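Next up is a structure, given as structure tokens.
A, B, C and D are the chain letters, set down in written order, and residue numbers restart from 1 in every chain.
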Amino acid sequence: MSEMQEMIMESVTKLFDKYSTKEVINESENGRWAQELWEQLVENGMVTVAIPEELGGNGGDYSDALSILRLAGKYSAPIPLAETYLANWILMGLGENVTDEITTVSCSKDVNPIQLQKNGDGWVVFGSVKQVPWARFAKKLLVMGETSEGSIVALIPLKNAKIIQGENLAGEARDEVIFNNVYLHDCKTIKVDGVLQKKNILYGGALTRTAMMAGALENIMELTVQYTNERSQFGRPIHRFQAVQQHLAMLAGETAAASTAANCAVDSYGKDLFTNEIAFAKIRVNEAAGKASSIAHQVLAAIGFTYEHTLHHSSRRLWSWRDEFGTETDWEQIVTEQLVTLKQDGLWSMITGNENKHQKVEL
Amino acid sequence: MSEMQEMIMESVTKLFDKYSTKEVINESENGRWAQELWEQLVENGMVTVAIPEELGGNGGDYSDALSILRLAGKYSAPIPLAETYLANWILMGLGENVTDEITTVSCSKDVNPIQLQKNGDGWVVFGSVKQVPWARFAKKLLVMGETSEGSIVALIPLKNAKIIQGENLAGEARDEVIFNNVYLHDCKTIKVDGVLQKKNILYGGALTRTAMMAGALENIMELTVQYTNERSQFGRPIHRFQAVQQHLAMLAGETAAASTAANCAVDSYGKDLFTNEIAFAKIRVNEAAGKASSIAHQVLAAIGFTYEHTLHHSSRRLWSWRDEFGTETDWEQIVTEQLVTLKQDGLWSMITGNENKHQKVEL
Amino acid sequence: MKALQIPVVDLPKHTEDLRSEVRQFIKDEIASGSFEPRCDSWLSGFSAGFSRKLGEQGWIGMTWPKKYGGGERSSIERYIVTEELLSAGAPVAGHWIADRQSGPLFLKFGTEEQREFFLPKIAKGECFFSIGLSEPNAGSDLAALQTRAVKVDKGWILNGSKIWTSGAHNAHYMITLCRTSPMNPDNRHGGMSQLVVDLAAPGVTIRPIHLMTGEHHFNEVFMEDVFVPDDMVVGEIGNGWKQGMAELAYERSGPERFLSTYPLLNELTNSLLENGDTKGLNEVSRVISRLWTLRNMSLGIAQMLEDGIPSNIIASLVKDQGTKFEQEMAEIARLIVSVTPSTQSDSRLGRLMAQSILQSPGFTLRGGTTEILRGIVAKGVIQK
Amino acid sequence: MKALQIPVVDLPKHTEDLRSEVRQFIKDEIASGSFEPRCDSWLSGFSAGFSRKLGEQGWIGMTWPKKYGGGERSSIERYIVTEELLSAGAPVAGHWIADRQSGPLFLKFGTEEQREFFLPKIAKGECFFSIGLSEPNAGSDLAALQTRAVKVDKGWILNGSKIWTSGAHNAHYMITLCRTSPMNPDNRHGGMSQLVVDLAAPGVTIRPIHLMTGEHHFNEVFMEDVFVPDDMVVGEIGNGWKQGMAELAYERSGPERFLSTYPLLNELTNSLLENGDTKGLNEVSRVISRLWTLRNMSLGIAQMLEDGIPSNIIASLVKDQGTKFEQEMAEIARLIVSVTPSTQSDSRLGRLMAQSILQSPGFTLRGGTTEILRGIVAKGVIQK
């Protein structure tokens, strides 16, 4: 980690410490928008990271942005930071200016494109988009669309959309957005290769989730270590029990594995947007999410199962995020599409990344 | 268990204690036939159990026979007792007389029928049968066959067959038997429904393996308990370590589960030859085989990994037997064939066995 | 390994009628909209009305003597009713503890007056119980508990608090383990007693403990100078630990230890059948094999209880395996079908998945953690 | 959780040439029939000829100073050569311990004379070592060892025996941990030293320990009045325990801790590809994700070693996960393909499955059992 990055991390940590508190998180589950948290991030220029200044961004690279997301995951920040990053990166890839408005992108792995029909200066929009994080609070939605002239990426204002509120297992807003022949004149549309852009959103989205999950796992690990240090039973701290030690070691193993997998995926993203690394990482981190949550809850026992404790901020998010932008099963199918192209004895090269490297895709 | 059965078990236990010793088992792996063991079983009438006297058997029921097989499994008896039982039960089902000669049946789940052509008083036999337990020592092979007039079950003398020696992971003889247009005049053939009889062999064979595996697991459990009692480390018996206790408990769990599954399958066999219980049991016992072997080897550590110790007599047999007469995957496919016939919410009745009971099949 | 032997239960022919009755009853209830099947319904499915209906059917206190309102039926018959209700995800939380633990406790240790007073009400589904065991600083180490009762004229004055008491907010009474004499370090488990606390009595405060799901099933119960009359002492003063352990033993091997997520398995199977997904059904086949085995083990233990054969080790072992199975069920399902789990999902499968995942941490904690159970099993097999 | 941080290693561009070289070498060797790929080849694949050829290539002692016959290359370069050899199932058991442990031990603790004498021979692939640690009654509790050396003129007289010494029957020397002063109960690990025993010396007897597979890789080594000259003492007298532990640390995180069954995964994938079995490949995808993660963790640790950053906790953690992975590989494969595992199978897949299953108990025992490793990890994360 560069010195610059360490400084950013330090100030973001302070910010989350102050504005992404237990109360803010619980309140957000009751439907309150974490206004101050978002505003502070905007003010500190943390919403348009990994985007050059000439496109309206704050500079930095993907690694910076994903380190921030990792902290957002660790602190259960109840805001669509990942989605805003993702939307901006997509726009950047298309040479468009970005924004620090609250922007969101569906986290479902298969979203049907919405329909747009040219009408004078504007568009008539029709369709519904499920699993949209924080749509009820967001200003804009980035989504794939179809027009009479082919596929587009659309950046659509949400003010006239119908929102059906929903939530994931962690109580994070995951709304359905419905456009019922809405007329919009301020909708940005960019012609694209539809298949490629859909893939772009899926891979980018999965990457954000691996980083956030690595952060949440770090939090679970810290809470568990802390608990085993503080809690005594039969007259000694419970980390002295061999059964607890076995749990701790397995938890450490899953946490470290997820961290490494996420870091490697992040590292690969700067070189190529569609790497096997992202697929491998999402599978491995998803697996870690289930195992680690289960271990931590077992160790923290009844206490960790209450709303009062904060363990569930992370465990419930892990259970949610592992399904967002693709489950293990979904990503296994994607990896399998690569596998079937291998020659005999070609697997090792795929794992070591020395052959079968994809060409860097120009978007 | 009836008093009669307890008496039989007691005497069979004594017999195995004396004739299925470590040395006999190791010798058999070097190619020596456990002559005395087999002869003693024959002399004591233990080779034709669960067959009425009028067909040449010694009476008793399936439960008696499978209890003997369980002991054979526990003692790693290196003889085709299961196969002789199975062949005799098939013959009995067809109303034929049985024999106490060494008889065998392939333990592969998919054997192609051999071809038989009528020639005067005898038959010309062509085909090969893989995975035939102890074929090199057996007198006869029971196998499915095809004639110009349809499917048969054939009981074929092995004296003119070509035998290619093979072995399973436990070093038990699993030979290939090849008939290269062999002319035989003393080959018993019985016309049958081919599909049904093949199924009959598969279910019956799987049942024998679940019983034997339950026995082997019992042995593993006993060896492990004994070891943890005797072995000390850091100044105390290792069963005092919580990590060892966790292993012991899981091992006990797998052993008890396998035992129950096998017993229930045995219990069902007397009522119906093709029950779901046999499928469930083979899947569950197979699963237990892998888990239990792994735990026991972990606990017994280096000592249990040597040829000198007897743990491998059971663990290697478990690794072999779980593949014989169908792996978990094979039996899952068979259960799935049942599942697809269920109505909505019909699963519970299948598990409790209250509906969807198969008709008792007449063979 | 005699310690691990479990009998095979061939359910008597006549029980089929009972099972059919229960199935018909459940079918009618679902048809009438009385409940929606849900996971873990024996903790989270409270319905006083449903409990009363079961009481009317004679399905509470089934094994108890008729003179106390029981049915004098066998453990196996009770087992059948229980497993049918749980597999259907029916709301049985109300009377659950009274039927499973409190009733048997009164039968074993209670006075004739207590039996006559409590058992008929319980059997009617009109009187619910809680168990007051855990305390804030005495997790698995129950000997450390602090709640104490002091003898006064005609009764006891009780002070202290209990935690994790499920259903206390719906229950009428709580059987409370407390110290009636100070702890003796040489006999940490001595000096405890069991008192029946009327939860409506002055001095009792019940505060909800919300689960991480937001649901309210557990409570903290505070007792401040609560007067408990002498006739509300269960069994002997000083024998509470032993009695409490006996009470816990009833918990260990029932179908509730592997059926908590069965409604999910059922719905998953429905969905796979509908989609003709044989790959998914292959995975379900393996799950069924485990479940079938667990059920047969559990049935065998019910038979052992009926026959008076000790089954503590096996019961612990079945609970360990069963609760792990319940947890795995949720994890397995999400990899087989492409449904997003959410408590507000449009699809029942999505809702059942969410319930299973969110409730799952509790399965291997309640009634003895995995670690405690494994310790019991290991010591049991070593000693035999 | 700084303790769990592992750097991401971007392999330098120039290492691609090295990797290609190794791949070409292996390809040629296989083509010439020099070896058949097998599982667990670093324990069970002995070929003195192959070791010599690797020495000729400069692939033994790669990181050592050139003056001792080394290559002065980076840990990462050594890593690449190692992982290529292991993934191909090449027979590297001969020089394995000398390259991985004995050489580094001499570099760290040996005398100049010892380095000059041993290291060039090792690097040529002509001098093999064993490690004499375990004893019949001192499993994981090494402090209890009984082998002792008594000082005499110009050297030591050694008596005792070692067990589980892998490759002793092929090796030239054994680095033997022994007591050089009696055990002090207050400092159980003091008073031990490391001596280099010439396995051809009078008084040394090597007896095979056959594995349950029938294979011979391990031995019992008996030492009866064996004279060890003073110049064969490694490091300081009395410092043997610490040195021995440092020696073990080299063992923990290399690719040999997760690649032992890789040849099976490769052949499995070949077979699934041939049969167009996408269902099977889906399962392989998950396995690959685990393997890819383990490799990146292990590579990160190699980088930490290079940079002098302590990595004992992470290394233990990777070994724990990696060896479990090796075991699971065998179990997963048999459920995906319908091939009967047998050491004499006609199909390579069947043979590799058999090797994996039969060797698998050893993976989680050697170099520290799972239980020991988890204790190290737990204590490590608690202290940070």
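Just so it is clear, contacts are C-beta pairs under 8 Å (C-beta built on N, C-alpha and C of every residue); 3 or more make two chains touch, one makes a residue touch a chain.
What you see is a predicted model, and the numbers here were worked out from it, not measured in a lab.
The interface with the greater count of contacting C-beta pairs, when B-D is set against A-D, is A-D. One inter-chain figure worth recording: subunit A and subunit B are separated by 52 Å, centre to centre, where each centre is the mean of the chain's CA atoms. Averaged Cα coordinates give subunit A a centre that lies 39 Å from the centre of subunit C. The multi-chain contact residues of subunit A, meaning those touching 2 or more other chains, are 241-244, 246, 328-329. Residue positions of subunit C touching 2 or more other chains, listed in rising order: 371, 374. Chains touching one another, given as pairs, are A-B, A-C, A-D, B-C, B-D. Considering their complex, residues 108, 131, 166-169, 171, 174, 231, 233-234, 241, 243-244, 290, 293-294, 297-298, 301-302, 304-309, 311-312, 315-316, 319, 323, 327-330 of subunit A touch subunit C. For subunit B in complex with subunit C, the residues that touch the partner chain are 218, 221-222, 225, 228-229, 239, 242, 244-246, 248-250, 252-253, 255-257, 259-261, 263-264, 267, 277, 279-281, 283-284, 287, 328-329, 331-333, 335-336, 339-340, 342, 344-345, 347-348, 350-352, 354. Across the complex, subunit B is touched by residues 241-243, 246 of subunit A. Taken in their complex, subunit D has these residues touching subunit A: 1, 4-6, 8, 10, 16, 19, 83, 87, 262, 265-266, 269-270, 273, 276, 278, 281-286, 288-297, 300, 313-314, 317, 320-321, 371, 373-382.
Within the complex formed with subunit A, the residues of subunit C that make contact are 134, 139-141, 163-164, 209-214, 218, 327, 331, 334-336, 338, 340-344, 354, 357-358, 360-362, 364-365, 369-371, 374.
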